[in-house]
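Okay, so subunit A shows up in both of these, paired with subunit B first and subunit C after.
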Partner chain A sequence: MLRLTSVDASYGRVRALRRISLHVDDGEIVTLIGANGAGKTTTLAVISGLMPAASGTITFGEQTVTNWGPSRLVRAGICHVPEGRQVFGSLSVADNLQLGAYSTGLSRQEIRALMREQFERFPRLEERRTQLAGSLSGGEQQMLALARGLMSRPKLLMLDEPSLGLAPIIAHQVMAEVQKLREEGLTVLLVEQNARAALRIADRGYVIETGRIVLEGSARDLLDNPEVQRAYLGKGYREIWE
Partner chain B sequence: MAARERPHTDEAIVPNEAERHAARRRAEKLQIVAFFGIMALVPFGIGNDYYLHILIYIGLHLILATGLNLLMGYAGQVSLGHAAFYGIGAYASGILTATYGWNPWLAMLAALLLTCVVAWLVGKPTLRLRGHYLAMATLGVGIIVAVVIRQWTDLTGGSAGLTGIPSMTFFGHELTSDQDLQYYYFVWAWAAALTVLFANLVASRPGRALRALHDSELAAQVLGVDTAGFKVRAFVISAAYASIAGTLYAHSSMRFLSPTPFGFHTSIALLVMVVLGGQGTLWGPVLGAFTITLIEETLRPYADYDIIVYGLLLMVLMIVMPGGVSRALGSLIDLVRGWVPALRGGDEP
Partner chain C sequence: MDITAVQVWQFILSGLTTGSIYALIALGFSLVYNATGVINFAQGEFVMLGGMITAASMEAWELPLWAAALVAIVLTTLIGLILDRAAIRPARHASVVVLIIITVGASIFIRGVAGIIWGPDERPLTAFSGEAPITIWGGTITPQSLWVIGTTLVVAIAMWLIFEYTVAGKAMRACAINAHAAQLCGIELSRMISWSFGLAAGVGAIAGIVLAPITMTQYNIGTMLGLKGFCAAILGGLGNGLGGIAGGLLLGVLEALGAGLISSQYKDAIAFVVLIVVLLIKPSGLLGGEEAEG
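On to the complex of A and B.
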């Protein structure tokens, strides 16, 4: 469904991505793990058109979508839920959802039906639909960010650190929701610092370090990989230090 | 860009939400009608040309502050040189009518176009960048325009001023200088029209997109909102408001332009009007325009000390009412409503 072939990107003269190649197949959950500043968020930004790719190609479905604008990519079916939730705090929950369908060109009825769908998925949001999004709790805001993304009827959902700053139980619920979405046929590209949680629900994973993909494999293999365990899963510290 | 965004709806989608939205809009319309209705009656209560004069200035400041509010309260950008656009509007109108004998309305249109082009040229490159580059750029424009007005004596009259600006005409009728009352209504009609335009703009789909990008530019971008484009448009519109106010100033009773009102001091005063009144609200800049204009007029006798008193007043007001005067008034009304049971309910949506 999505394929990046040796994509480069840079912030000014700092190269952030070096020859990134990865692919996400239909119906998969693929996770991108790595430390802070490794290039996870940049990878998503290049895919969703926020940042230009200096070289390389990105294909989505049958189309080559390299350096398309964000609104065109949204209409093509790519949805990017950015890091830190980024809800529109001074707008109501309902207005937030409506903006989710901003680029779709859907009719009023279709938007209404989509909003209904989100309220069924997240009943909490319906209870709070006239409240300002800024007054929601962290978990509710993450649900809202997710629901807002789904308002564009995406084929590919890209989530950037959805569990960041959430209580473990809430983070768990978010991950469960992601799994449910996959069962409904959505394809997911998941960026996470919490590598363990991400690998548990993912089919495959990529490890990114200083802008390069250094390792890829099935989620199972990555979970068992001693290097990954040491660097990202916090295992083996005892062995190292003692 | 415009062709790609199919405008399918202006109000919210959920029925309940749509009702609330409509109720809010109705209340707003009522407030606008009531306010400008009162302003139409005010001249009958005062028999003094001086006060009428001040009210004309308040009308001009209202237009300026409302335009700036669109930029600051909705697009989340700051202009530190808005007086420059005010000046371009005033001087373009003044020069075209006084020196070249143009029809005032035609000159107004030309001034408006010129201002928009300048604003676009400033906004287009700077608003692509994240952060407050626009503030720096407008600061520069403010200084450049002030220097041009002062130094290009052949064109602008320099410090000596530009004289011989003809009166505004209205359907063949001359709004002459000894008839301040007519000009009062002319300016306030513009203020009313531009306030209505502002209210509609803010409540529309682009208005909501603007508020969204104020909250989170990243999220708005990700949803496909052309954030840079929206900011440029908001900036151009706010400059257009300033240009109109400038033209109205040029044809006001003095029919004389000097560089002083278009300097840095005015840019700051406008900024203060918006922030003090409450940015991002319909009535904030209106309140700000009244407050600041009246403070400046009251302090005039204190000559050199006025800037000190002005500064102190601003500090006190911002400490006491950090959200702006209009929000402070809002919470006061809520408080009173809590005390007086008869006032509860009613217009509450």
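On to the complex of A and C.
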């Protein structure tokens, strides 16, 4: 469904991505793990058109979408739920959802039906539909950000650190929701610092370090990989110290 | 000098009139600021264009006032859109300071062209509904002042409806809150910026049209009006629509009281003294909140 081939990107003179190649197949959950500043968020930004790719190609379905604008990519079916939720704090929950469907060109009625779907998925949001998004708790904001993204009726959902800053139980719910979405037919590209949680629900994973993909494989293999365990799963310290 | 309550009331009434104009100009500043983070120093020129185009098209084509006003609003809105397309958009990756300087340049350019087309003469515009003053609680007010205040009220309500109830209005707010997330919703930033320039220009033109019968209009009135509107916007909190209106009215009343009670020589100075005080004490403006941050 999505394929990046040798994609480079830079912030000014600083190369942020070096020849990134990855692919996500239909119906997969693929996770991108790596440390802070490794280039995970940048990768998503390049895919969703927020940042230009300096070279390389990105294809989505049958189309080459390299350096399309964000709104065109949203219409094509790529949805990027950004890091830190980024809900529109001084707009109501319902307004946030409505704007999620901004690019769909759906009628008022269809948007309302789509909103119903989100409320069924996240009943908390319905309770708070007239509240300002900024007044929601972190977990509720994450649900709103996810629901807002789903309002664009995406084929590919890209989630950037959806469990960041959430209580473990809430983070767990978010991950369960991601799995449910995949069962409903969505394809998911998941960026997480919590590598263990991400690998548990993913089919495959990529490990990114300083802008390069250094490792790829099935989620199972990555979970068992000693390098990954040491660097991202916090295992192995005991062996070192003992 | 004896000051009576009636006199003070009279100052307040005339202050509310000029204050309404400042409020409309402040609204224009906030519209563009919210969309771009840029202070558009050509805002005053939109006001000038509103009055001048109305006067000129009544003169040249003998249009009735309403038609001339419509022409002025449409043309000024177009000029606002052109300003965005021709000067702002090509430089959109430049820093905010560069963009602000571009607007200063655009302002000088528009004023220059207006001077060439219409010459240096002041142009009168007849009052919309006669000159017979109306007495309110002992103070008098001209019908044109009521037009000014009423128009400001109508524009403010219209803006509120747009930003509260239309998808386009909400999308513009979303861009102001978080441009990044708005883009990920598929909202096109450049289009929202265009709309904000168009709206700001239209509102400016409306201010210029209702003001013209009171002060006469001239190719160079935009500078001072723009600066006053800017003071009003800062006073109320840049980017805060309601704050801008409150700031405009407050500034108008302060000016009128200062001119009446102290000396009319200091009328213009008062706005800038207020500006400096606000910037020193509460730079986010009296009603400034998180949305008004730079």
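Going forward, the second predicted complex is superposed on the first by the 242 of 242 C-alpha atoms of A that agree within 3 Å, B and C clash if a C-alpha of one lies under 4 Å from a C-alpha of the other, contacts with A are read in each partner's own complex, and residues count from 1 in each chain.
Everything that follows uses one rule, which is that contacts are C-beta pairs under 8 Å (C-beta built on N, C-alpha and C of every residue); 3 or more make two chains touch, one makes a residue touch a chain.
Remember, it's a predicted structure, so these values are computed and weren't measured experimentally.
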When subunit B and subunit C are modelled together on subunit A, clash or fit: clash
Touching partner for A:11 - first (subunit B), second (subunit C), both, neither: neither
Superposition-derived comparison: subunit B or subunit C, residues of subunit A touched: B
Which of subunit B and subunit C A:99 touches, first, second, both or neither: both
Which superposed partner A:129 touches (first subunit B, second subunit C, both, neither): first
Subunit B versus subunit C as contact partner of A:88, first or second or both or neither: both
Which of subunit B and subunit C A:107 touches, first, second, both or neither: first
Colliding stretch - subunit B into subunit C, listed as 114-122, 150-158 or 330-338: 114-122
Footprint overlap on subunit A, comparing subunit B with subunit C: 48, 50, 69-71, 74-75, 80-82, 86-91, 95, 98-100, 102-103, 148, 152
For the subunit B and subunit A complex, residues of the former touching the latter: 4-6, 8-9, 12-14, 16-17, 20, 208-209, 211-212, 214-216, 218-226, 280
Subunit C contact footprint on subunit A (complex, rising order): 48-50, 69-71, 74-75, 79-82, 86-91, 95, 98-100, 102-104, 148-149, 152
For the subunit A and subunit B complex, residues of the former touching the latter: 48, 50, 69-75, 80-82, 86-92, 94-95, 98-100, 102-103, 105-108, 111-112, 115, 129-130, 134, 145, 148, 152
Residue ranges of subunit C touching subunit A (in the complex, touch as defined): 167, 170-171, 173-174, 177-178, 180-188, 290-291
